[in-house]
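The following pair of complexes shares a single chain, subunit A, combined with subunit B in the former and subunit C in the latter.
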Partner chain A sequence: MLAYAVRRLGSALLAMFAVTVITFSIIQLAPGGPAILLDDRLTADDREQIRRNLGLDQPLPVQYYLWSSALVQGDLGDSYLQREPVSDLIARAFPNTLLLAGVSLALAILIGIPLGIFAAARVNSSWDYGSTFFSVVGISIPSFWLGILMIILFSVNLRVLPSAGMYTLGGDRGLADLSTHIVMPAIVMALAPLATVVRYTRSSMLGVIRNEYIPTARAKGLAERVILYRHALKNALVPVVTVIGLQLPVFLGGSVIVEKIFAWPGMGRLAVDAAFGRDYPVVMGVTVVVTLMVVVANFLTDLLYGFLDPRIRWA
Partner chain B sequence: MGVAAPGAATAPVALRPQRASEGLSARMWRRFVRNRLALISLWLLVAITLAVAVWPLFLGSPEAIDTPNALKDPTPQHLLGTDELGRDTLTRLLHAGRISLVVGFMAMAISILVGSLVGGIAGYFGGTADTVLMRITDAMMSLPAIFLLLVILVVFGSGLVTVVVVIGVTSWMGAARVVRAEVLRFKNAEFVEAARAMGARPRRILAVHVFPNAVPSIIVTASLGVARAILTESALSYLGLGIQAPTPSLGNMLSNAQTYLWNAPLQALWPGLLILLIVLASNFLGDGLRDALDPQMA
Partner chain C sequence: MKRYLSAASLVLALAVAACTQAAPSGTASPGVSGAPSDRAGGRVVLPMAADPGTMNPIFAGSVAEVQLARVLFNGLARLNPETFVPEPMLATSWESTDDAMEYTFHLRDGVKWHDGQPFTADDVKFTMDKIMDPELATRPGRSFTALESTEVVDASTVKFIMKTPFPAFVSYLAYNVQIAPKHLLEGVEDLQNNTAFNTDKPIGTGAFRLVENVKGDHITLEANPDFFLGPPKLDRVIFKLLPDANTQIAQLKTGEIDLIPRLDVSVAPSVEGTPGVRLDTGVTAQFWALHLNHDFPPFTDVRVRQAMAYAIDREALVSDVLHGQGQVAAGPIAPILKSAYNPDVEPYPYDPERSKELLEEAGWTDTDGDGILDKDGEPFRFTLQVLKGFPVAEQVSAILEQEFKALGMDVTQQAYDLASFITDVRDTRSGPNMSQAYVVFMFLAPEPDDIWSYFHSSNAEAGSNFNVYRNPDADRLLDLARTSVDPEERRQAFFDVQQLLHDDVARDFLFYPNEIYAMKDTLHGVPVSTLPYPYVEQWGYE
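Our next item is the complex of A and B:
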C-alpha cells in the first residue's frame, strides 16, 4: 500500500509541476504584457518603472523560480488591477465555490446512485431506457442554456427564486436567503455529473450481477432485495467511487459557467473577470489552486480505490 | 460508459449461417440500423448540416441591423423573431450553427490526430515512452481544461482558428487511450508479425496494418468528440471568449439573449435548442455506433 501511495504522490506532484510551468509559459508569451501597460497616458519611463515593480524585467526562469518559491509559502503575488494580494481574493471566493460544488456533489450522489441501481434492477424495462435517455440528455444539455431557462421559469415568470448572487442586497444574509439563491446554480451544476453517476452505477451494477456469487445467493433462496443491496451494491460501488472522484474537475470547470450565469461570487467568476482584465497573477493563482485541489482529490480517490480494491495496489 | 441503447440486441445475427459470408461492415451497418434512436440522430444531423449549409444562401446578412424592429416575437418576416438590434434570429441561428459544426468537426479532427499519434506511439513502443505519454494523458484528463482555455484565449486572442486549435489540443486524451488500446490489441497479431518479418518499419506497420483496424473505435470517439467540442465552443462563446460579435455563434447569441430575458425570453430558447439537438444527436449516434461495433459492451 505504501509503495502504491508513493507512486501516486509522485505523479500528483509531477502534474502540479507541469501545470504551473505550462500556465506560466503561456502567460509569458502574451503579447503586450499586462493590460495596465496599455494605458495611453503612460510614458515609456512609467512603463519601465511598472515593469520593474512587477518584476517583469527579470529573465523567465528567474521569474518562474521567484514565483514558485513564493507560491510554496502561500504567496501568490498581488493582483494587477485590484490592489490586493491574490491569496486574499481567492480566500474570499474559494468557500463560495466549495459550498456550491459541495451541494451539487451531494445532489449528484444522492440522486444518481439510487437512480442507477433502480435502472439496473429493472434492466431493459422502460424505466431503464428512460434513465439512459435522461443521462444522455444530462451530458448533452448546455448548462448555460438550462440555467437561463430556469431563470425564465422561476425568476421571470413565477418570481419564486432570485436570478443572481448569493444573498439579497441589504438582506440579513441568513441561511434561508442563501438557500433560495443556491437552488438553481446547484441543480444546473449537478446535472452533468449526475448523469455520469447514473450511467456508471447502472453499468457497474449490471457487471457485478453477472458474477457467479449472485446466482449462488439466489440459489440459497435470498430475497432479490437482499441480493441487490447486500451482495451486488457493495462491489458495484467501488468503481463508482473513482468516477465521483474524477468528477471534481467537471465541477470546478462547471463553476466557471455556472458562476457566470448566476453571478455567483466564486473562483470561476474570479478567473473569468481576471482573464478579461489580463490580470495574470489572479488567473495564475486560481489555476494553481484549482489544479492543486484536483490533484489532491485524485490522489485521495486513488488511495481510497486502492484501499477498497486490493487488486489495484499490485497492478 | 457502456450504456445499452434500446434495440441493440445482437445475438441472433451471428447464429444465422447464411449470413456468414456477409462482410464485417455490412453486419455493423445492419446492427446500427436496428438502433432506431441512433438512426434518427444520423438523419437529424444530416438535416441540420444541410439546413445550415444551404438555407442561409436564401436569406440576408446575419449582421443586417434594423433597430426599430428589435426584440420582436416571431412573425412571417422573422420566423424566430429578432434580437436586440433587430437582426433576424433565424438567419443568425443558421450562420451560428454553421460555425458550431465547423468548429466541432475541425477540433475533433485535431484531437483525433494528436490522440492517434500519442496513443499509437505509446502503444506500439511501450516501455518508457508509454509510461511518460500515458502519465501526461492522465494528468491532462484530470485537469479542468476550461481554466487552461481561459488563459490561452486571453493571451492569444480569440477567433475561429484559435478556438478550434485550443479545443483540439485540450481534448485528445480520450482518443489517445482508445488508439493505444487498439494498438496493444493488434500489435502482436499474426498479420502484424508477418509484416514485421517482411521488414516493414514501425511507421508503415502502424499506418497500414494497425490503424485501419482501429478505425471503428476512432469513429465512435470522434462522434462523441464532436458533441464535446461543440459544447465547449458554445460555452466559451457564452463567456465572451470564443467567437466574437458581430459574428453570430450559438454561445454569444445566448449570452446576448440573457441580457434581455425580461423583454424577449424566446430569444434565449432557439440557440440552446439547436446546441442541444446537435449534441444529443452526436451522442446518441456515438452510442449507437459503439453498440453496433462492439456488441459485448451493450
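Our next item is the complex of A and C:
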C-alpha cells in the first residue's frame, strides 16, 4: 500500500511536469498576446516596455524556469489582468466551484444510482423506457440552452428563483439565500452526469443480476430489496465509480458555460477569462490546480475499487 | 474574457457587459430586490462583465475599469456627452496662449478627496507625470505626445507646457484624464500592482465613493455627501458582476439590475417591449469601416477601392443590420462633431454598374469566362477576415461578401477570435501574411483631431492606421488640423481631409452606429454615451 502510494506520487509529479511544460508552450504558441498588449495606440517602445515589465522578453525556457522555481515555493505569480496573486484568485474561485461541484455530484449520484437500479429491476418496462428517454435527453441537451431556458422560465416568467450569482445583493448572504441561487446551476450541471450515471448503473446492474449468486440469493428466499442492494449493487458499482471518477476533474475544473451563464464565480470562468485574455500566469495556475485534482481523483477512484471489490488489490 | 477598451481606439463594439439598504433577505422573490425606492434616493445596479483589475484612473483599461474609474474620480474638465464641449470639473476655468503652447488651469477651491484630504495642484502634476512616465506606458499618456511638462504655479493653478501647438489639448484632457491622489500614491514602489489602492480602497473626488469590493460578486459605491457639485441624487451605485450578456438581459427583465449600457443592436428587439424597461438611443462619434490593406495588390489601385465602395448598399446595412439605429457614413468624422464635420461629402451611393465600369477601367475583366474577374492571368481573390463574437461585424461581413461576389470577385471568409484577430490581422500589416480586408468598429475620442491617429502615415507601422494608408496630402492636412491655432484654417483642413479620405477610400466608411441603453423606465438623467457613465450625480428615479 505504501509502496503503491509512493509510486503513484512519482508518476503524479511526472504528469505535473509534462502537463505544465506542454501548457506553457501551447499558450505561448496561441495567436494573440496578453490583452494589455492589444491596445492599438501602443508604440513599439510601449510594447517592449510592457513585455519587459511582464518578463515576456525572456526566452521561453528561462520563463518556464522562473515560473516553476517560484511554483516550488508556492508562488503562482500575479495575474496580468487582475493584477493580484494568482493564488488569491484561485483561493477565491475554488471553494465556489467545489460547492457547485459537490451539490451537482450529489444530485447526480443520489438520483442517478437509484434511478438506474429502478430501471434495471424493471427492465423493459415503461419505467425503464422512461428512464432511458430521460437519460438520452439529459445527455443531449446543451447546457447553455437549458440554462438560459431555465432563467427565462423560473426567473423572468415565474419569478421563483434568482437568475445569477451566489447571493442576493444586500441580502444576509445566508444559507437559504445561497440555496436558492445554487438550484438552477446545480441542476444544469448535474443533468448530463446524472443521465450517464443512470445508464451505467442500469447496464451494470443488469450484468450483475445474471450472475449465479443472484438466483442463489433468491433461492435462499431473501427479499428482492436485500438482493438488489446488498448483493447486486456493490458489485455493480465498480464501473459506475469509474465513470464518476472520470467526471470528477470536469466538475472540479468548473463548468465554463454554467459558471458564465449563472455568474458563478468559479474556476471555469477564471480559466476561460484567462485563456481569452492570454493571462498566462492564471492559465498556468488553473492548470496546476486542475492537474492536481485529476491526479487526486484518479488515486481516490483506485482506492475505492478495493473497498467495493476486495478482490482488487493495490499493487 | 476581459475585454479591453483603449481610451480612444479600435476596440470593437465590445459586448459590455454589483449591499446595501433594506433589500429583502432574498429567499423567494429575487425580482423585487432591485426595487429602487427603498430609500429616498434609491440605488442603481449596473452590470459589469469582469472584475476590475484596477480602479486607478492612471491604469484603467477594461470596460469595467474605465467605468468605475470615471465614477470614482474626476478630471479637470469633462466633455458634455451631447455637445462634446469641455465643461469645468476639478478646474473652474482655463486659458491658453494664442500659440496653443501653454495652458493654464484654475482649480476649484475646497475640493476634498474621499478621505477628507484637500485636492491641490500637486495631485494634478503627480497624475500627469505618472501618465507620461514611459516606464508605465499608460493608455492616457499616448494622447499627449505633444506635452512637454506640467508645472504647479500655486496650490490652485496648474500650467501645461507643450512641445508643439496642440489646440485639442483640453478635449483630450477632459476625455482621457482623471486625477489620482498624490498623498496616497507617492512613493509607492509598484503603482500598477498596488491593490491596496487600486482595487481595495480607491480614493477619488467623485460623486460616489467605494464602500466595498466583493471580488467575484459586486462593488458597492455610496453617495459622497461632500461632492463638489453637490450631493448626488442616488444613494448607491452597485456594479454587479454578470459576465454573460444574456444573463444581463434576464436580470434587467427581472429588475435585478437597472441599466445595460451599450446594448448590442442585435439583442435590442428582445429587450424592447419589456414592461418597465425603456430603450434610449443616442448618436455617437464612432464609425464602422471596411478596411482594405493599401499594400495588398488588388487594393493598391484607387479605382478598385472605389469600385468596392460603390458595390456596398449602406442604406441596407443601416436598416437591416442596425435596425435603423445609425447613419450612413461618408467619412471618419461623424455629424455630431459639428466643428469639423463636412456635410458636403456624400457617401458612396449603391451603384454596382459604376463598380463594374471602374473595375474594367482598372483592367479587371472576366477573360476566361469562369465567373471570376482576372487581370494579367491573376484572379481577383482575397480573404475577408471576420472578427467572431461581434454580431454586427459578422453580419456586415456576410453581406459584403455577397456584394463583392456579385461583382465577380473570389472572396472567402476566415474567422478570428479577438486576441488572434488583433495580432494576426490588425497588427500584421505587411509581409506574406499581411491583412487583406476586414470590417471593424473604430473607437474615436469625441474630438475630430483623433482622426490623425487613424490616417496619418506615421501610425501605419505601429498605431491606429491599421490598413497602412499613406498619402502625403492627407498627412499635410492632418498635421495642419492638429496644430493650427486659427479655428477657420483648422476647420478647412478637416473639411479638405474628409473629402480626400472619402475620394481615396482610405477606409471604406460604412455607417455611424447609435448607442443603445436599456434601463428601468423610472430612471432619469442618464446620458447615452459611448463611454459610460458621465453625469452619474444627476441620475435619479422619478
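Note that in this section the second predicted complex is superposed on the first by the 274 of 315 C-alpha atoms of A that agree within 3 Å, B and C clash if a C-alpha of one lies under 4 Å from a C-alpha of the other, contacts with A are read in each partner's own complex, and residues count from 1 in each chain.
Following the convention adopted for this analysis, a residue touches a chain if its C-beta (ideal position, glycine included) is under 8 Å from a C-beta of that chain, and two chains touch if they have at least 3 such contacts.
What you see is a predicted model; the values in this text were computed from it and never measured.
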Inset, instruction - Kindly say whether there is room for both subunit B and subunit C on subunit A in the superposition, answering fit or clash. - result: clash
Inset, instruction - Answer with first, second, both or neither: which of subunit B and subunit C does A:I111 touch in the superposed model? - result: neither
Inset, instruction - Answer with first, second, both or neither: which of subunit B and subunit C does A:G170 touch in the superposed model? - result: second
Inset, instruction - Scan A:V241 for contacts with subunit B and subunit C and give back first, second, both or neither. - result: neither
Legend entry - First, second, both or neither for A:L222, with subunit B first and subunit C second: neither
Inset, instruction - Figure out whether A:K260 sits in contact with subunit B (first) or subunit C (second), or with both, or with neither. - result: both
Inset, instruction - Please work out whether A:L308 is in contact with subunit B alone, subunit C alone, both, or neither, and reply first, second, both or neither. - result: neither
Inset, instruction - Return first, second, both or neither, reflecting whether A:R159 touches subunit B, subunit C, both chains, or no partner chain. - result: second
Inset, instruction - Look at A:I148 in the shared chain and tell me whether it touches subunit B only, subunit C only, both, or neither; answer first, second, both or neither. - result: both
Inset, instruction - Report for A:V272: first if it touches subunit B alone, second if subunit C alone, otherwise both or neither. - result: both
Legend entry - subunit C clash site on subunit B (candidates 25-33, 43-51, 61-69 or 133-141): 61-69
Inset, instruction - Share the list of subunit A residues that count as touching for subunit B in one structure and for subunit C in the other. - result: 30-31, 148, 151-152, 156, 260-261, 272, 275-276, 278
Legend entry - Parts of subunit B lying in touch with subunit A, wherever the complex brings them together: 1-6, 135-136, 138-139, 142-148, 150-156, 227, 231, 234-235, 238-241, 251, 254-255, 257-258, 261-262, 265, 268-269, 271-273, 275-276, 279-280, 283-284, 287
Inset, instruction - Enumerate the contact residues on subunit C facing subunit A in the complex. - result: 1-4, 6, 8-11, 18-31, 33-34, 45, 50-51, 53-54, 61-62, 134-135, 137, 139, 142-143, 192-193, 195, 198-199, 215-218, 238, 240-244, 246-247, 250-251, 253-254, 256, 416-424, 426, 453, 461-464, 466
Legend entry - Sites on subunit A touched by subunit C in the complex: 30-33, 35-36, 38-47, 49-50, 53, 78-79, 81-84, 92-93, 96, 148, 151-152, 155-156, 159-172, 174, 176-177, 180, 260-263, 265, 269, 272-273, 275-279
Legend entry - Of subunit A, residues touching subunit B in the complex: 11, 14-15, 18-19, 22-23, 26-27, 29-31, 123-124, 129, 132, 135-137, 139-146, 148-149, 151-152, 156, 199-200, 202-203, 246, 249-250, 252-253, 256-257, 260-261, 271-272, 275-276, 278, 283, 286-287, 290-291, 294-295, 298
